[in-house]
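Each structure below appears as structure tokens.
Shared between the two complexes below is subunit A, which has subunit B as its partner in the first and subunit C in the second.
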Partner chain A sequence: MSYIKALKCRECGREYPKEALHVCEYCFGPLEVAYKYDEIKKSLTKEAITRRPANMWRYRELLPIEGDPTVGAQVGFTPLIRARNLADSLGVKELYIKNDAVNYPTLSFKDRVVSVAISRAREMGFKVVACASTGNLANSVAANAAACGMESYVFIPFDLEQTKILGTLVYGSKVVSIQGTYDEVNRLSSEIAGKYGWAFVNINIRPYYAEGSKSFGFEIAEQLRWKLPRHIVVPMAGGSLITKIWKAFKEFEMLGFVEGIEKTRVYGAQAAGCAPIVTAVKTGSELIKPVRPNTIAKSLAIGNPADGYYSAKVIRESNGWAEDSTDEEIIDAMKLLAETEGVFAETAGGVTLAVTKKLIAQGRIPVDESIVISITGNGLKTQEALQGRLVLPPVINASLKEFDGLVKSLEKKYAARG
Partner chain B sequence: MKKRIYLTYPKELVKEPFIYQAAKLFKVATNIRQASVSDSLGLVALELEGEPEEVEKAINFFIEKGVKVEPIEMDVVE
Partner chain C sequence: MAVKVRIPTPLRKLTGGKEEVYVQGGSVTAVLDDLERNYPGIKERICEGDGKLRRFVNLYVNDEDIRFKENMNTQIKDSDELSIVPAIAGGFF
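For the complex of A and B:
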């Protein structure tokens, strides 16, 4: 049973058939999936969702596929952790971490969007899947394509570090390194998507792809026992995730699964070296002014975000705010998250926590209301960011005496025998 | 061929008539589909129609003049 009604232009509202289309022919606005909400309302209940397996497809009526998912059956339902140690450190009462650093199979939230994109692409008859990426998206497309036996192409800028390519090459994906400026790589990717009949996940399949992010929001609401958080902080790259979390909350409210959305505020986080959306929010501008990224948070380094305008709109609509964080603050926050909660997030997670700290300090987020921090990727993938930033371990010879000396120097009392 | 692009004019170029010039210099039909121009930034959604080489030349012309040319999808390298 399909609940997809049509594709609909976000600007002018024109409807299009549910095919591989992504731009409105009339106003060039982006297309979005519209659902048959009346029918969903009749057939989907909280109880039905609760009985289903713990993965993102438990919300399948609200995801844009017509049959069963054909890849990524295990994606999602990542932990929502009550972060008591971190809460103490930040001086707040009720803090949660939604942890997609452990999402299956490639340890980032991209597995959500990619498994929807590829499942939908297969339904539409595509044989080859592609993307242009410098990191998480590449890993996820390569892995998920491999898992369902599809051919995949991944386009990368030629100066990308070797270590970043390995996590894509290992899946047998055809990786093409493009020589040129970032803008040239970007334009060529769009041309290839237009010329070859491939499922380019974040171009011609984008309306379906982006919907996968809603599951991040659905899960938070369900894991909070069918309540919405009062405050949620979300990292912004292209800006799609924050808009889809908001859409998820709104859909749950419309279906009667949660209430009180007017009390929920959504906050956007970017790195100071790439903060076009934050700038727009702070200056009250409708326009997103493109920037040239310069930050260690590579997974957020999108200078001209496709959903920038819509992200700023969601932030305003929910009475939220946006902030950015410097490289130094990002590293400190990554360490704080790891040391207090045992969660090693990628640099983007550092951005989100650092921004949360700032918003609390500014009084924008009150200390006594529920707060969710969105962690979208795993720190093991961006270890180079910590190079030289951690105290290296002391080296001793294989001698108990030397170890005793070391313990003594730590000035801590341990119960030792003899 | 038909190509859809976004042009971003920096502040100092906002007043320049590049679209007119491109249509005069190359065999392309320029069709403005959306635009937002202020004194500090110009954004134009433009459709270019013509032979592929002519479309390419027009795009390079914009780039040489200092205008940022992007696909209608904006940044797709994620």
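For the complex of A and C:
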């Protein structure tokens, strides 16, 4: 049973059939999926959701596919960790980490959007799937396409981390590396999508694709025992995730699953070397001024964010704020998260934690209310960022005496025998 | 002499298929008004009812975004070029 009503322009409200369309023909605004909420209200309950398998499809009435998912049936329901050690370190009371660093199958939140996009693309009859990507999306499109036997093309900027390139090639995807920034890759991809008629998950399939991110928000609310966090910090690249988390919270409230959304504040995090949305929030501007990115957080390096305007709007609407963090702060935060909670997040996670620290220090996030930090990708993919930033292990011979000497030099006391 | 206006694919139905047209005007507003006189129906695709530029349409005067100049009041002189570019998913047509 399908609950998709139509596609609807976010700007002028014109409706379109539920096809592979993403732009309003009339005013060029982006299209969004509209649902038959009346019917969902009648059939979906919290109890029903709770009984379903632990993956993102437990919210399937609120995800835009017509039949069952044909790829990525196991994606989602990643851990929400009560981060007590990190909370102590930051001096706050109630802190959680939503950990999509362990999302299935490619260790980032992109598996959520891709399983929706490819399942929907197959319903519409596409044979080739493609994307423009800063890396995580590339991995996910390649893996999920392989899993359902589809051909895939992945377009990336030439300077991506090696791990993300290898982690795309291994699935047999056709990877095309473009001499240019992500924004240039994206522009070329738009032209290719038009000419070749492929399913570009984040271009012509975007209205469906983007909805997958809502599951990140649904899960947080459910995992907090059907409560909304008072504060949530979200990394921003194109800016889609933050808007969809907000939409997820609103949908749950509308369905009567949670209450008190007016108390929830949403905060956006970007790297200082690519912070067009943060700048707009801080200056109170409706315009997003594109920038040329320069940051180690490559997964966030989108200088001309497609959903920048809407992200800034969500932040304002929820009385949140936005901040950015330098490369140095990003590395420190990655280490802090790993050392306190055993979570190795990618550079984007460093951005999000560093910004959270800043917002707490500024008093914008109070220390005694619930806070969720959104971790969207895995540190194993961005290890290059840590090169030269960690103290390398001491090298000794296989001799107990040398080890004793090492322990002595650490000036620590252990209850050693003999 | 006149101002050259570059028309994006989705609006060419209104210009009889023409990619480039020539109109008169000393500012962006004036150029768009003259464009509307010559190709009725085109202005409402570019501007809101109150004359403000639509959020997902970019206008460039000689490759510079007017939002970072003087917006609709940006001056235009003969031999300048005005490009109408819908913003799509962070990219451009």
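A few comments on the model shown:
What we mean here is this: the second predicted complex is superposed on the first by the 403 of 418 C-alpha atoms of A that agree within 3 Å, B and C clash if a C-alpha of one lies under 4 Å from a C-alpha of the other, contacts with A are read in each partner's own complex, and residues count from 1 in each chain.
The rule we apply is simple: contacts are C-beta pairs under 8 Å (C-beta built on N, C-alpha and C of every residue); 3 or more make two chains touch, one makes a residue touch a chain.
Computed from a predicted structure; not experimentally measured.
In the superposed pair of complexes, A:375 makes contact with neither subunit B nor subunit C. When the shared chain is aligned, subunit C comes close enough to touch A:309, but subunit B does not.
In the superposition on chain A, no contact is made by A:129 with either subunit B or subunit C. Subunit A is touched at more residues by one of its partners, and among subunit B and subunit C that partner is B. Contacts of A:62 after superposition: neither subunit B nor subunit C is touched. Shared-chain residue A:189: touches subunit B and subunit C both. Of the two partner chains placed by the overlay, subunit B and subunit C both lie in contact with A:238. In the superposition on chain A, A:210 makes contact with neither subunit B nor subunit C.
In the overlay built on the shared chain, the residue A:157 is in contact with subunit B alone; subunit C does not reach it. Across the two superposed structures, the residue set of subunit A contacted by subunit B and also by subunit C is 22-23, 27-28, 183, 186-187, 189-190, 202-203, 206, 238, 287, 289, 302, 304-306.
Of all residues in subunit C, only 10, 45, 54-57, 67-68, 86-93 touch subunit A in the complex they form. Remark: subunit B residues 4, 8, 33-34, 36, 38, 41, 43, 45, 68-78 touch subunit A in the complex. Contact residues of subunit A toward subunit B in the complex are 22-23, 27-28, 131-134, 136-137, 155, 157, 182-183, 185-187, 189-191, 193, 200, 202-203, 206, 237-238, 286-287, 289-290, 302-306. On the side of subunit A, the complex with subunit C involves touching residues 11, 22-30, 183, 186-187, 189-190, 202-203, 206, 238, 287, 289, 302, 304-306, 309.
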